[in-house]
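Beneath this line is the structure, given in structure tokens, with notes to follow.
Every chain is named by a letter (A, B, C and D) in the order it is written, and numbering of its residues begins at 1.
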Amino acid sequence: MNFLILSLIKAAIVAFVLMTTLAYLQWIERKVIAHIQLRVGPRRVGPHGLLQPLADVIKLLTKEDLLPSHVNKVFYFLAPFIAVFFALIAISVIPFGTEINIGSFHTEMQLTDLNIGVLFILGLSGMGVYGVALAGWASNNKYALLGGLRSSAQMISYELPMAMAIAAPLLMLNTLSFRQLVDAQGGYSFGFIPHWTIFQGPFPQIISFLLFLVAAFAETNRVPFDLPEAENELVAGFHTEYSSMKFASFFMAEYANMVTVSCVATLLFLGGWQPLWPAQYGSNFVPTAVFIAGGLLCLYHGMNPARPFDRITLPIAGIVFIAVGAAFLAPIIGPILLPLFWFASKAGVILFLYIWVRGTLPRFRYDQLMRFAWTFMFPVAVANLFLTGLLVALT
Amino acid sequence: MPQLPSAAPLSWYLILSAILFVLGVAGFLFRRNIITVFMSIELMLNAVNLSFIAFSYQLGQNDGHIFSFFVMVVAAAEAAVGLAIILTVFKNRQTLEIDEISSLKN
Amino acid sequence: MDAILFLIFAGIAVICGLNLVLQKHPISSALSLVGVMGSLAVLYLLLGGEFISMAQLIVYAGAIMVLFIFVIMLLNAGTERPSRRRLWAQYAGVPLLAAMLAIAFYIIQRALPPSPGVHFGAFQHGNPFDIGIKLFENYVLPFEVTSLLILIAIIGAIVLARKEIN
Amino acid sequence: MQTSTETLLASQQLWLIPILPFLGFLLNGIFGKRLPKAAINVIACGSVLLSFLWVLKTLNALGSLETPYVEHYYTWIQSGTLNISVDFAVDRLTEVMLLIVTGVGFLIHVYAVGYMAHEGGYYRFFAYFNLFMFFMLILVLGANFLVLFVGWEGVGLCSYLLIGFYFLEKFATDAGNKAFIVNRIGDYGFSLAVFLIAIHFGSLDFGRVFSQVKDMPVESSPGWITAISLLLLVGAAGKSAQIPLYVWLPDAMAGPTPVSALIHAATMVTAGVYMIARSSQLYLHSAFALNLVAIIGVATAFFAATIGLLQNDIKKVFAYSTVSQLGYMFLGLGAGAFSAGIFHLMTHAFFKALLFLGAGSVIHALGGEQDMRKMGGLARKIPITCVVLFCAGVAIAGVPFTSGHYSKDAILDAAYTLSPWMFWLGTFTAFLTAFYVFRALFLTFFGEYRGTYGREPVHEHSGHGDGHGHGAIHESPPIMWIPLAILAVLSLVGGFINVPKFLEPMFKLSEGELPSFVSLGPMIAGLTGIGLAYVFYVLAPKVPEQLASAFSGLYVLIYNKYFVDELYDATVVRPVVDGSRTLLWRTADAELIDGTVNGIGRTASGIGGVLRLLQSGFIRSYAAWVVAGSITVVLVMALWGGSR
């Protein structure tokens, strides 16, 4: 029973954190894109629009949920649930950090450590197609149908290169459990180059890392591969007919997928929570430094504010930051937070990359998209896998 | 009230596989849409896979897993070709009714 | 616990299977088949077949069934109309299937030795490592042959489904 | 040269020699339909020329072949102790053959370009031609009996294809079939011989077999060597048109003239001679077989010559003369003078090819006319052809200092040492030869023109003939007469190539003092023959008819070729045909086999008629049947203890 309770607690925590992340990811995206486009972005709701996500959630919940006529009701309702379900369940095998040891109490910062976690993720990403395809089909609308077909075709096509890109590092680490993957990437060659798969011999996995990123963009239907919701061609793609909460769940699914994919990339290629350089060179103090620096910045701006409002908000934020920074040095909490910090920062970088790309790149044409998948990604992935296998076999 | 065994005996798995297989046959017999018929075949294959896995559990060796793996591969190939055939049939006859496609007769 | 899990997922499988047969619309049938496959994957896990259950998800549910759904959407296959023609198969079907099921039960009950229940984790050789060893040591030739088969299937599918150029 | 012999020998790439024509065959055979004629010519002749040059290069590199040089390619059959591999070997004998085949072959190819210029199936013809060259070279190069046999069969095939080249005419296809079937008899003997060799020597390699034979004592050689030799002789007789298997060669003239020249005069028909010379060791160990060779040879020579006397078709005449010349070669072989046989083979290749090509040029000039009675007085119209043909004539007649003179002398000397009567018969045959050859030449070129072609523009094609309709009698184009000229020179001076001396390391020459008439006899005979022919057919054309009426019986007999064909027809062909018709066809096939098959078919269709009702075409009912069947099977197994 102890196991059950513990799992439930963990699940609750993870779910809460994830939901918040998703909501604020949205906010961050809007902010970043705004700044890329030399706009300010949301700043009405709360300081710097920090409460915008909350407002969005409330809006989506309270909006009228209208049901178009001539839709296949069962699947119309089923589709968003499928989508969000498979998107969220994937997080359950992702480890966020090392074991938590408080006295005699041990547990892992992870819901469950499957010894086939990677396969599990692959399977789920394969299942994720159904949500989109069904949504497109059930809403009985030619744009939606086209969007559904496109997205499912696209997901299927990009699943192959993605799987192969994943397989290459697995060959080097030969395990399928994420935790062991990260453990296998611990340590440093020459004392400072980390054993992450993109740096590690015999064959640094840079190619497969790039392949994985591109395929991931396609899997999550993000720009430049967001054909399924190509506004200018297909209104809004597969979720044209969806509104309010159902629409929100598709949205959530997309962002959850982004998070999952970034986590997987981190775990597979960037050595999970392994710090960037060894502890004896003081990598443990990086988070403290970062946070305290941020806090000091906030305090400075609080001292001579741009707007009267900042006089209150910024010092508070600064103090909070400094407190967090201090927490990293605390005896018990520090070792727990440290891996989290590294993991989160790496995943955050990739997420930022997503947003950045969305802000800058145009969209593919559909035939180009498919040709790219089959005539470039796939062969390159095969070659890369073959080469890796060869080198691994030789060493 | 009979006491539920703590663990399902192997025969349950086999019976489940039998039920699924029969359901597949039923689909084959009663459905008239080629695609559904095809899916019933897949269902039968799955039932057989289940019994493979169950047996290899019983025998304590994983050959059954290998067999069902091969079954999957073959099923994939079969699905690819079969669906292509269905597409062509539909292209030529504009129907998916399996009874309409009875020119094998005589 | 094992028994409960089994019953739950077996129930799902059977219900989905029934749904497959009873539903008039191919999409519904397809999705219920996906349900069957998913629950079977869980059952495989119970039986210790970790790799095979994931393969079930990836290959069957993730690829093959998506293909089916594709085709259904592509052909826009509607619900079946009641057939004009009554085949004897439809009359004879039910008793035949009943007989089949009965025989299956009979044989399973008779032929199977009384065995201890299936405990999760009792079977340890289903992990990718052991499967790989077995696959590439004892079953290399079949493996290669299947790869050839797939190649042939790809070519055949392309030849069949391509547009006639004329 | 001597120092680097090893390295040189290591890399001679003999395989190129046959492969080049084969490539030509592939190119022409596959793409020939689309290629322009020029390209076909270049491919066909070029490939042969290349292999000829390669032969020259190889032989130059190999230098004096005291010991045969063997190249091993791969093991073909490896069963038990028997190990048959695909090897090519070159020794002096092969060298001569290679030069003849590729050289003369090339000349004939060039000639054919002109001769076939207006024929249909142009590319087909040259494809076959190259294929023939390929197989012939395989035959010559093969280092064991099996490879030789491959080439043997291959040339047979090509001969069949080329004889039946005008497959629209019945007689052509018939001739092709005849050649093929008669050769089958010979090949049967040959294959038996090969089996025997494999059994007794445990190898088919020439080197190993003959060295084993050499070690055996000659006087007490086992009987099976004789058996092998006789069987080989059967094969050779079939291929080289000896009694009793010569009948196919005259008919083989149905093919285009270059074919007659290349296959049925110069190369293929000499394969038997080559083979016997090749296995001389075996024959030296069985005197009986050797004598039989000689007897068959001389008999063939004589009979063929007599038949040749009265033929009116110019090609037929030369065909019979070929048979008789081959008989000479066999006589030489049988007399133990293998080198003499090969020598005559070479000279014969020259002048007989020349004769045929010249005849072809005549036919070409007359728009396909082959009957000498419709010719005459052509010397002025086609002088070049006339000249070269007379060169060939004097050569074959054995006029002194021509090639035929030396080779024939060598043979007849050997024959005399064997037994005088053979010598005398051979000499008489030489006289006959000179007579009929010059008869043909005089009929063709002297006297008045008796034909119709060229008089009125419309001309009927006798048989095939070239389909180009320009009426006047005309000299052949240079591409045709230049090869003729070369061959003419060769057939005049070819005798100075002292082949026997060259082949001495392989076949020791027969020394010994011979009476002077032995060398004079043939010469005189030849000159007499020429003179007599001149008297009969130029001075007094009436004489032949009177003679014919005088010896009408003999005349009829010879004119009808001793009724040999009819004899075979009565004794062999018809019995076989009737037998197969009545016994095999009517009884066995129609009654037994057909009956059974039809019965089965009827039963099947009966059952099917019943089962047809099941096949409604509805897959679902099939499925229902399957289910029912499986249920029953499972039930049976379950209840009657099938499954535990």
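Throughout what follows, a residue touches a chain if its C-beta (ideal position, glycine included) is under 8 Å from a C-beta of that chain, and two chains touch if they have at least 3 such contacts.
Values in this document were obtained by computation on a predicted structure and should not be read as measured data.
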| item | value |
| --- | --- |
| Chain of greatest Cα-centre distance to chain A | D |
| Distance between the centres, which are taken as Cα means, of chain D and chain C, whole angstrom | 69 |
| Chain centre separation (chain A, chain C; CA means) in Å | 32 |
| Between chain B and chain A, distance of the C-alpha-averaged centres to the nearest whole Å | 37 |
| Geometric centre distance via CA averages, chain D-chain A, whole Å | 84 |
| Residue numbers of chain D (touch at least two other chains) | 616, 618, 620, 623-624, 627 |
| Chain C, residues touching no fewer than two other chains | 51, 55, 63, 74, 85, 87, 89-90, 93, 96-97, 100 |
| Chain A: positions in contact with at least two other chains | none |
| Chains touching one another, given as label pairs in label order | A-C, B-C, B-D, C-D |
| Touching residues (chain side chain B, partner chain C) in the complex | 4-16, 18-27, 29-33, 35-36, 38-40, 42-43, 46, 49-50, 53-54, 56-58, 60-63, 65-66, 68-70, 72-81, 83-88, 90, 96-97, 99 |
| Chain C-touching residues of chain A, taken from the complex the two chains share | 72, 74-75, 78, 114-116, 119-120, 122-127, 129-130, 133-134, 136-137, 145, 148-149, 152-153, 156, 159, 176 |
| Footprint of chain B on chain D - complex, ascending | 612, 615-620, 623-624, 627 |
| Partner chain B, residues of chain C touching it in the complex | 1-4, 6-7, 10, 13-14, 17-18, 20-21, 26, 29-30, 33, 36-37, 40, 43-44, 47-49, 51-52, 55-56, 59-60, 63-64, 67-68, 71-72, 74-75, 77, 80-81, 83, 85, 87, 89-90, 93, 96-97, 100-101, 104-105, 108-109, 112, 114-119, 122-123, 125-126, 130-131, 134-135, 138-139, 142, 146, 149-150, 152-154, 156-158, 160-161 |
| Parts of chain D lying in touch with chain C, wherever the complex brings them together | 616, 618, 620-621, 623-624, 627-628, 630-631, 634-635, 638, 643-644 |
